[in-house]
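One structure is given below, encoded as structure tokens.
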Amino acid sequence: MSVQVQAEDFDLGAEVRAAHAGCLRVGAVASFVGYVRDLNEGDEVRDLVLEHYPGMTERALERIEAQARERWTLDAVRVIHRVGRLAPGQQIVLVVVASAHRGEAFAACEFLMDYLKTQAPFWKKEQTPAGARWVEARSSDDAAAQRWGGNG
Amino acid sequence: MSVQVQAEDFDLGAEVRAAHAGCLRVGAVASFVGYVRDLNEGDEVRDLVLEHYPGMTERALERIEAQARERWTLDAVRVIHRVGRLAPGQQIVLVVVASAHRGEAFAACEFLMDYLKTQAPFWKKEQTPAGARWVEARSSDDAAAQRWGGNG
Amino acid sequence: MIRIAYFARLREAFGTDGEQCPLPAGVADVAALTQWLCGRGGAFAAELAAGRAFRVAVNLDMADAATLVRDGDEVAFFPPVTGG
Amino acid sequence: MIRIAYFARLREAFGTDGEQCPLPAGVADVAALTQWLCGRGGAFAAELAAGRAFRVAVNLDMADAATLVRDGDEVAFFPPVTGG
């Protein structure tokens, strides 16, 4: 399975090795890891809880991967998104894309992150000194997804 | 040292961990690994030898890093480029960029690769069934570097 | 019967992660189902009012106001997503 | 004295990775040094002819035809780069 939702941590190095997989046609692997920050909207974040919609989330991620594979020639795609309670400094999300050439690997990796941010049903609740709060969606994320054109 | 030219292989996972370095302000690490392909310009590549200009190459990479840091707010940058004899499937180059936000990490990572491809003095000589040949510079690499504007 | 699921802020506001109920009379699309839920008043009326930012999925796919709702469907209401 | 270095295809074509020589009389910039090397004929004239793709660095920085060359400088000639 190339997309996965899990509570467990992941290992970027192992995922990139698996994406390259000794495939001698692959010249480029672009990857992204997102981390919990200790600050959001100016407030200290003690930890956060990631909720998702089991079934729909995986389906949304698979659809986003399929869109990337339609746009670019990719040899491997890997998306892992964690759920549950995470502390600042911990890894949240990984995207790895292997391709013959770097332009396609970079574009697809950024596209996957932009679409994931706006299309995949995950929600973050932060614990701050002032109490818990649901993170609000950012219009900058919508703008990032919209620059790829299409209807998402 | 954040830029390095070496014969030895590198470990992406370790470099990304070092770039994040438990810094709780970092929300995004974008990275790129380039690999030797077994095919170039339609010919089988048995191995290649990477030559560089000691002293100038490191200086060029440091200058490219400085340009990236002027353009974007980055928490860490790491560039490793290998030299010497490399076989298909082996890692050639690594770029890792840590930033608060993903847009800056992605942009800087791609910028560093585009500039490295056109500005850093490395030369590849391929061994093919028809004999050894120097790889020719690609106009697509010049175009990729030029889209960032400025004079490189 | 239809299954209605709530996530994140809506789950907390409604005090439940979902419910199962017969397809309400006269409800054939997302717009009508939303209006029917608003008719309950309280948190439903407040969270699902026109102009509030929420999303709807039908059978695990993103939907809009015109998406049809049929007996046996799963309809989910949730806030704009904030993963990644 | 100046140091002249050659890399990659040029190193092979000239049969050496470089040389040390007195700054040639009348040579004050990259253009003049290139012309002086071409004057040797053979591989130098062929590889450094007008229209051939090569690059020049002076003291480890990319240079162009107008870049000054002074006593003590290191000047390098090499093909367009192909790393990454």
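For reference, chains read A, B, C and D in written order, and residue numbers begin at 1 within each chain.
The rule is simple: a residue touches a chain if its C-beta (ideal position, glycine included) is under 8 Å from a C-beta of that chain, and two chains touch if they have at least 3 such contacts.
Note that this is a predicted model, so its numbers are computed, not measured.
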Clusters that remain linked by touching, subunit B excluded: A, C | D
Interchain centroid distance [CA atoms averaged], subunit A/subunit D, Å: 49
Centre distance in Å when subunit B and subunit D are each reduced to the mean of their C-alpha atoms: 26
Mean-CA-position distance for subunit B and subunit A (Å): 23
Touching two or more other chains - residues of subunit A: 34, 102, 113
Contacts with 2+ other chains: residues of subunit C: 84
Touching pairs among all chains present in the structure: A-B, A-C, B-D
Subunit C to subunit A touching residues, read off their complex: 5, 7-9, 53, 57, 60-62, 76, 78-84
Complex interface listing, subunit A residues touching subunit C: 34, 50-53, 55-56, 59-60, 81, 92-93, 113, 116-125, 134-138, 141
Complex contact set, residues of subunit B against subunit A: 11-14, 16, 20, 22, 24-39, 88-89, 100, 102-103, 105-106, 109-110, 113, 144
